[in-house]
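Provided herewith is a single structure, encoded as structure tokens, for subsequent inquiry.
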């Protein structure tokens, strides 16, 4: 394993020390641990709290700040945070207008956030939860763990965060988050496995001419293994899977996130984006907004995820609202 | 070779198609090829033109826009652009106030930009050139090709770009660029080689327990190969090399760029940044501004480069000035 | 079971998990995210430290402390699940003093119910439940059958539970996962042993070893 | 040398470079950035296309066209250097018609001077110059010695130049690079053959092959 670390056990903590040093706008509590807006709590503003395993940087701590999250709880690498830290973060940023948890649909995340919400409720802090489950590679079934939360998480955080900034109530903020999630579909393809600091070796071996199709963001194998295809076919396969699950009609607006999983050069993401843009244009779909880059990653995995969100005018307006976080910033 | 591409020969062109689709603020000329601000030329504004081999994304096209570059010329992967495209880009953005070329110190870049400047001069467009050579791993000698231009390039582009936006003349803009370059030192360490689309295999083989020290941004081997060290020691080694070549006194301000070479997870860059920040603090040096992320890359190389720029008040003011480009944006 | 036996069991689990951490992580690499051994080891290391620092309370206190520690320190799926199981086990035991084998059986069943309620899994989903459920059944049966033993049937029940857990663990191999991370793999989850079920077996195995060794 | 010989030479270079592109790239991988073969191949493929589409001008036109094409299409260090060399060669030749061996010798020297001026390299720096300089020396000497040959000494001069280029190329191996990308490696550049010097040899080798084959 080749990583810029000191010791596998210290990675999350030491990275938080760096995050804290780099961003004076954040208040990083190393004991929680959590990262919060330095100006939180803001009286009367709904507090958005997210979290999940580390290894997906910049998500989530990179999205803490004006117009997005009030706090993020980083768990160990690929391990959901524990209830205590979610409780501590939520208490630290609660401005009395309620707390919204943004939770990716993984068994661990759901249970830990649920336990935290129960504890917070006992303490008189009402929690609304937005469950993100955009990954269309997995079938949506109540009989299984269901779809994973992946790329759409950052769209939910941006748009719900912008709404919270306007003074909207917790129920409205949570409803907006849920709307964004429902409007979004994602699909991911990996060319390599990733290596967690603790495991020290790649999660799987993938031959030179094969790819994992339908992967998540935790280095797990995908739904199936296939012969490596040209970028054009990978883009088409991903877009088709998304459109089948979350249809977008000709004439409608979308936000597209062409996301790198950590080890993919930006030049390849732009190339893929060009393919996707061409296909959507041919389908009469208008890409109203887009992001190309590493936003929701899986450590050093070479791979990409595509997220398409059918966006209405309100979502676009909120998307354009000012945001100032370590990883997303505009309008301010 | 596992990449999201269609054909090795088409990578640069197809990525530019994606860049163009993603950023309506850019005007991408696929024949140049070059990427220019859509609102260029701006009468009376000095035009900043940069360029270099592709494979360093987001540099340079990701830095085209308000407050930074007017145009960027992407060459083939790791190959400097040709004079014709530099001439075409310079002509396209020349607003009559002169053109400043920002050139990284590589034999190919220097010669091609020189030939372009000669041709532009013949056509009546005066060109000022800022040569960037910040990489302290290489000795500075007039008897060799000298130091490479690496991470400091983006600092030069940001700060000179902000000055150009104020209406300053070409000589002043170029002088500022040169000042930033002289105030900057960089040092890079790689854990893996990178693979160019054309070559199809890694430039070198590196055992599991070794690293290349003093690498550039073109996948070439470094100055020496060493036993892999903890992040703390790598940070210390890099900082010491920079400080020896470009001393910073206690009490002075610096801008720090903790840059990923393409295949390094952000969590590791933050961890490294934390180490550097601690060492600079101990030395009494104040990190006035910082960037942590992938800004000047080497395709999929797992590696990091550290750049430290001793910044005066004017540089910091220009650093803070609004910038709106695909890869760097604030204040607007 | 008295408090010192309860502690000895949890220490034995901590040892066993530490020794098997790499193996558990590798099982998780095949159908999950390569962290199960790391998670369990972090958790039981914390349990050990918590017990080291805690007063020698009754069995109830030992198990609720261990459960709370897992919930607070592990995260992921396994933290809340094993943590809630131990907490429920503790809460089902007498407020003071020791627990007889029947009480322990009831406590183990309460733990299983907590896992099922929190995680929503049923037998056959390829989870902890597939080792835990048969283990509890076997424990109850053997406890009844051996209630006349000198130790109230504890050793026999623990041995039966460990064997059943092992069988349940092995039986997860052909299953297609319907809960947890492995479910994302669909058919590709078939043919792999579930990491959480494996930890469950280690826990019951440690119980059997503890109460057997300590039988005078 | 007439225009058709000049074209034949450049086509032969294009063939040779295409065949050796991978080898050239691998040489560049060791001490550079793994693109020299790709660059040269892109350049000479463009030269071939340019010549295919150009009128059958005199030798001067052939070489200046080839040189300009390399400058416009290659980039990197090799584009301007080889391009300027060919352009300087062309410009040194008569405005119209053919070039005798002495004129060609003068043209090759003009090309070398262009390379040295543009790149600032001197012999021993581990560059193109280390193959090009001895090749020009050898060409001049042999041209003088064989000026009485039926072909004005062209074949003998070209052969001598190719042999000298090859020797110069081999002599780059022990050198420490002082120019170009390989200089960044410092002592680690020792022990590797310079890619640009290798291309230089291929170019002179193609010249020798062309004028030898075409000698009636």
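Order of writing sets the labels: A, B, C and D. Residues in every chain begin at 1.
Assume a residue touches a chain if its C-beta (ideal position, glycine included) is under 8 Å from a C-beta of that chain, and two chains touch if they have at least 3 such contacts.
Keep in mind that this is a model prediction, so the values were computed, not measured.
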| item | value |
| --- | --- |
| Touch-network distance, chain B to chain C, counted in steps | 2 |
| Rounded Å distance between chain A and chain B, as computed from the means of their C-alpha atoms | 29 |
| Distance from the mean Cα position of chain D to that of chain A, given in whole angstrom | 55 |
| Distance from the mean Cα position of chain D to that of chain C, given in whole angstrom | 75 |
| Whole-Å gap between the CA centroids of chain A and chain C | 33 |
| Contacts with 2+ other chains: residues of chain A | 77 |
| Chain contact topology (line, ring, star, complete or other) | line |
| All touching chain pairs, where touch follows the definition stated at the start | A-B, A-C, B-D |
| Of all residues in chain D, those that touch chain B in their complex | 25, 29-35, 38-39, 42, 71-81, 118-119, 177-181, 183-186, 188 |
| Residue ranges of chain A touching chain B (in the complex, touch as defined) | 1-7, 11-12, 14-22, 54-55, 57-58, 62, 77, 191-192, 208, 211, 228, 230-232, 234, 258, 262-275, 277-278, 287, 290, 292-294, 297, 299-300, 302, 304, 324, 326-327, 329-332 |
| Residues on chain A engaged by chain C in the complex (per definition of touch) | 53, 75-84, 106-108, 111-112, 114-115, 137-139, 143-145, 148, 196, 198-199, 203-204, 216, 218-224 |
